[in-house]
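Structure in structure tokens, see below.
As written, the chains take the letters A, B, C and D, and residue 1 is the first residue of each chain.
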Amino acid sequence: MDKNTFATLPPMGWNSYDYYDTTVTEERVRANADYMSKHLKSYGWEYIVVDIEWYAHGAGSMRNQFQYIPFSKLEMDEYSRLMPDPDRFPSSKDGAGFAPLASYVHSLGLKFGIHIMRGIPRIAAHDHCKIYGCDLSADQIADPSSICGWNPDMYGVRDTKEGQLYYDSLISLYASWGVDFIKCDDICNTNLYRHNPYSAQHEIEMLSSAIARCGRPIVLSLSPGPALIEKAWHYETHANMWRITDDFWDNWDLLKDMFHRCELWQNHVSQGCYPDCDMLPLGYLGKGFGEERLTRFTRDEQRTMMTLWCLFGSPLMLGAEMTKLDDWTLSLLTNEAILAMRTPDCRPHQICLDNQKAIWTAHSNQTQKTYIALFNLSDQTSSIEISLENLSIQVGSFSLLDLWNGQLSSPASSAIRAILPPHGCVAYELCCHS
Amino acid sequence: MDKNTFATLPPMGWNSYDYYDTTVTEERVRANADYMSKHLKSYGWEYIVVDIEWYAHGAGSMRNQFQYIPFSKLEMDEYSRLMPDPDRFPSSKDGAGFAPLASYVHSLGLKFGIHIMRGIPRIAAHDHCKIYGCDLSADQIADPSSICGWNPDMYGVRDTKEGQLYYDSLISLYASWGVDFIKCDDICNTNLYRHNPYSAQHEIEMLSSAIARCGRPIVLSLSPGPALIEKAWHYETHANMWRITDDFWDNWDLLKDMFHRCELWQNHVSQGCYPDCDMLPLGYLGKGFGEERLTRFTRDEQRTMMTLWCLFGSPLMLGAEMTKLDDWTLSLLTNEAILAMRTPDCRPHQICLDNQKAIWTAHSNQTQKTYIALFNLSDQTSSIEISLENLSIQVGSFSLLDLWNGQLSSPASSAIRAILPPHGCVAYELCCHS
Amino acid sequence: MDKNTFATLPPMGWNSYDYYDTTVTEERVRANADYMSKHLKSYGWEYIVVDIEWYAHGAGSMRNQFQYIPFSKLEMDEYSRLMPDPDRFPSSKDGAGFAPLASYVHSLGLKFGIHIMRGIPRIAAHDHCKIYGCDLSADQIADPSSICGWNPDMYGVRDTKEGQLYYDSLISLYASWGVDFIKCDDICNTNLYRHNPYSAQHEIEMLSSAIARCGRPIVLSLSPGPALIEKAWHYETHANMWRITDDFWDNWDLLKDMFHRCELWQNHVSQGCYPDCDMLPLGYLGKGFGEERLTRFTRDEQRTMMTLWCLFGSPLMLGAEMTKLDDWTLSLLTNEAILAMRTPDCRPHQICLDNQKAIWTAHSNQTQKTYIALFNLSDQTSSIEISLENLSIQVGSFSLLDLWNGQLSSPASSAIRAILPPHGCVAYELCCHS
Amino acid sequence: MDKNTFATLPPMGWNSYDYYDTTVTEERVRANADYMSKHLKSYGWEYIVVDIEWYAHGAGSMRNQFQYIPFSKLEMDEYSRLMPDPDRFPSSKDGAGFAPLASYVHSLGLKFGIHIMRGIPRIAAHDHCKIYGCDLSADQIADPSSICGWNPDMYGVRDTKEGQLYYDSLISLYASWGVDFIKCDDICNTNLYRHNPYSAQHEIEMLSSAIARCGRPIVLSLSPGPALIEKAWHYETHANMWRITDDFWDNWDLLKDMFHRCELWQNHVSQGCYPDCDMLPLGYLGKGFGEERLTRFTRDEQRTMMTLWCLFGSPLMLGAEMTKLDDWTLSLLTNEAILAMRTPDCRPHQICLDNQKAIWTAHSNQTQKTYIALFNLSDQTSSIEISLENLSIQVGSFSLLDLWNGQLSSPASSAIRAILPPHGCVAYELCCHS
């Protein structure tokens, strides 16, 4: 199966991390899925993704000391494969895994995704556990010098035939549950290692092969960032999305920096290949981190984020607890004109970027639509402009449709100009008079 | 003018450097142009490029000590613009510059190119020379801390309005001569500088602007490499070709390494945007370097080079003294089936690369043609193969056209396989039975 | 001559830079020398150093654009050697150079120093000027690819016999003037260069050789920092002092950071070999920079600086305009108990360093004196302590002499403890009861 | 206890690694100790060191796949402390540990040393084992993200009070056995980690503290190299010797490179502080690696190695199986004149180093002895010389004692000169005529 057919548009969905950290439960996943099917599905939102350590007993119970409790008990089957913690995911009991939950999500017309850590559980290696369909045991396929720098659960898998068999057995199990989306962590940038931040290249290839053979179209998302631009060709060959940034949160400095990251990756967006700006930290966040709060982004910043993510073609993964979304945030997520920019055919292009402003366009050869977005990156209200000459258009030949408010205007001057609040933006569709 | 319309195919031509170093003369340029028009033009070869230090008196006269004589006399007009050395380029006398030579080249149905060093002559700055159309003098636009690490002629130009005026005046002069191609050096990777190997980014932009305004389509080629992959977007916005390698010569290690460089840049070839594998060191080389010789590449290596450059979509710049080409080399340069792979629409894709072999395909969505090349990178005769499964094709459904010898075959097994000599290759067009 | 006999204690003196930048004049040098001879000489202060661009006409006249005016007129003799600008140093006229000024300084019982830039004037190379005692001209010994990243005056000198002759001629001239101290810049860390921040190693050796042969003991001081710890052995072989930091100014962050730099270099202080913490930005500063001001250091910070510099064994070079010194600052510079720590035999040793505090000791095997200094690096008043066990001394066996206020105390507890103001310190001599 | 009193001369001894790899047995240790006591002890050789994985069952049994078998059985006491494998060290049974073997070594008038890996066994953490004298268990003091890049046995210990208690318990146990020397590995340069090759700084401090308190003088040796020159002050504060190179073997390129490493560390040799050039690969080597062989060094290279190690002041740790030493090698190890250079008071100083030669001197202020060594680093017989002027001595004022052959000569020229075979050397003591 050709992975570029698995996600013909940048994926849109919800991820449990920003609100729940490691503590999400089946009940909360169902509640969020219910919300999405009612309020967001018709706008294209479809993935429900359970993030990190759904297999760890007691996850989150020592949050003041550890995000991930070292050497704690992990739920695992006899073949060294992690299974959902039955305390938090009751329907997974008796070996059912995530099948019942996936089935429920599917029943709502949505898709189901999970997070995994690259590799095989450390405890399976130390206990010499079995591998499905393979004579070797876990100690023989685990690489004791390949670890994650920030999570203690796994060892990397060696680049051998038996290592591939382990990944095959893993994906086969998860496919049998009905998993549609896998976010694999500690793989996009293995930032612990001095000589090679791309030390898990072979594990990306193994995952990709396992998915191609499993009989189910599973979107493959790689974390954490920043992805390595010199490996762009490799991500594009094997994955559907890859994080171009370290963890993104509701902090203006991070959002401002994202313009540089989009600059870097602007020529790497195509069907089935999506540089990933990370989750949208909107609405209520942070409960599992011990600090439930509303997003710290201003409304202008939220619009700036949505505009950039959509024009650039990033996947959209909502970090909010959806059942607490307010109307304003919901409107932000359901603006069809903004979401319409997200076609892989619509190529993003940065016109300028400095400390005060950013200007982007995007053009689709298919629809012939052209978008222009002006961003005020400064801390003061500013006038941002782009000359028509720079856009190769002429005065009087076009109108501008403001995508956020639907207003149409016809600039009479030789530039497109907007007075923008601090960190604010405007996004236009260019409507040429024929 | 849109620079992506200047070179709709990867440029093909001749460059004086590999044979003449700094010593090429007008007479030799004319002789090579004559040869090209007679023997190569009909196959697409068209650029005649005069490489480095055509402005330096006595260039090459101290070759045992210096490639570029420091603090030597440079021919320069009153506006700080370098002019051809009249001793070597007699027709340039009395301010004619390269206009007569360009005119001659054009009369043969070919195009004319020159090499320049980024910046403004150091001596112009020290002598406070004038700038055309500008009140400031050269000392005021030259940046005394921006130098080339390997050539002593120039200072970088400051990122100011007056700096742009200098570049405008330069390109305007060269356009008036009829220059069709500019290879700018010390700009693609300014490798002297610790904190910023892309320190001349603003000079790329100035050159690009000057060309866009000069009224003549001038192909912009940037040197030296290796180009910075994180600036791919910037090269693609401003230039037509950029060197992805340091100087390439007739040495197998360099050729073998080029597979890694092509791997890195494989997704960055498009119309008007060509990652450049550097000149083809074929035929007679090295006279100006004090060691005239035939290329050290074996015939198999020469075919491997041509196959990779063409399938990948690199520009083709011949380094040989053309008037001495033998029939075999000429046949190498005029194989139409091989040259036909060079369409920007034909996207190259590496299937595998290791120390023993490389396998590449290329597919054109426009022509629906698919190419497959197998390369033996080892030092022994080897059998190289690719399974049909990996190519998503089926046994019996296709024939293979060998591009180098025109033979057609129909593999009956589940793989495409070839026995290849050391450093040799085979290139097929895949002909599907409908 | 053995350079380790030139400065048996860390040099103490005055430097024109912090107050005058490039604008110091003979009259101001004399006024400061007069002040030193009257008020500071008896405490060990002795060097009067004229800092950067005493050879540049119009130095400082375009301060809003340039610190060092590019391509401006430099005073130079016929042998490519820079001479004082006669407008600012009238006694230098008619080829006298700095001899008259040096003579005046000597008449006051002080020593005279100058700043030089590594290399040979660029203009000498471009104009093919002569070299004293050598058949080659400046263009033949200048290296066009060796420049300073921040000053446009010079080219580096090639590592050849003739290059050495140039340095010999230079030092010979300066020795004939009576120069006692040379601060050479762009040599300790040539931070422009990617592959080699110690690219002028051969010029350090040439300078060192030239001094050893010139017949006059000239202290050699190398700038700028940070010096490279992996070249410690080389600095120790060839120079008397070398900057362990980039330019130091009256800024707490820089002072706090100096503790890390002293940590790094603590085992590299010995007779004739002094890691240099840079000038003391005290009293009035900054006039030549366009912002005459009193030092921004608090009195506590000033004491902390003096304590660290003296205990560590750094040279002391005063940056103030001395004629404007107030009584308090003068008292800071003339505390004999603090200055007495500065013997090379007195080995500094850091006991601890964290974000809140630093504790240092120093012990002289010769005098058997032991010093202890406690520093409060935090922004709050804090109690800092060190247990006697850590110092290998016993309760009741010793008294403490507070070096800043002369008070004697006998701690009865098992620790030495002090309540210190923000950024403040205390320095004790340990007086053991025999 | 002051660690600088533990080894007043650079330690001399034998280490099991070069011959046995992980496979040394008690019987072989005893045999080598017997040999040393008979043939080498009187020349200063005294340490018998058991190198890596004496605690691992089956160590070396999968040598074709692994040097260190991952996830294999390690002998460990109930307090997470590693114990000797009783199969290979029978006297260690019933909890005796290395006490009986140490006792035997002591009975011969020698000292006993062991190798340890930094940290706590991984299996102790996964199994939540106990820590002696501490309420926490191993999982609570082990850092799951701190591993060795090349050995799978341990996790690093956290920088906490309980972590210190573990190291205290470990050193206390080993001291009770009579251990005199500990070589700790994966600690001098933790080369796995991107951001911090000195990530185990706190573990060096913990080990140093534990030793200072254990009541026994235990020499602390840190591996692997290359040690970080910017941490020289820290090694000097906490350890007795530290490896300045990665593993050294009988390979000329490595030996030639050692001159650069000694250059770097030449000013860091003092009593109790010894930069370590690594073991002497002499005699029979490599059995445990599967390739028993005689050293590949020529006799000239062996003398060069011994001369450099001794003049520089490196520890001397013999890698040979001693019972197989031939007479020539024995004579190399028992040349008293060469060994006499090894006093910490004898300061090494490199005079020159290039690709062809190295010249070193060493001078002792205590004995007033001066040594001069000339090394031919080229592959041809060469004449190497040093002018007397460079040594500040005069013709006719001295004689030279050749340390390797005992001959005395009186050079009549203005230089000391020797014709040396490829990779050979000569070492003189300078005897001044009074």
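Rule of thumb we're sticking to: contacts are C-beta pairs under 8 Å (C-beta built on N, C-alpha and C of every residue); 3 or more make two chains touch, one makes a residue touch a chain.
This is a predicted model, so every value here is computed, not measured.
Think of it this way: of A-B, A-D or C-D, only one pair shares over half of the B-C contact pairs by residue number, and it is A-D. For the pair subunit A and subunit D, the distance between mean C-alpha positions equals 51 Å. Between subunit C and subunit D the centroid-to-centroid distance comes to 40 Å (mean Cα coordinates, whole Å).
Centre-to-centre separation of subunit B and subunit D, using mean CA positions: 54 Å. Annotation for subunit C: no residues touch two or more other chains. Touching chain pairs in this entry, ordered by label, are A-B, A-D, B-C, C-D.
On subunit B, the positions that touch subunit A within their shared complex are 2, 229-230, 232-233, 236-237, 263-264, 266-268, 349-350, 392.
Chain contact summary for the complex, subunit B toward subunit C: residues 70-71, 122-123, 125-126, 128, 139, 142, 144-145, 147-150, 152, 191-194, 197.
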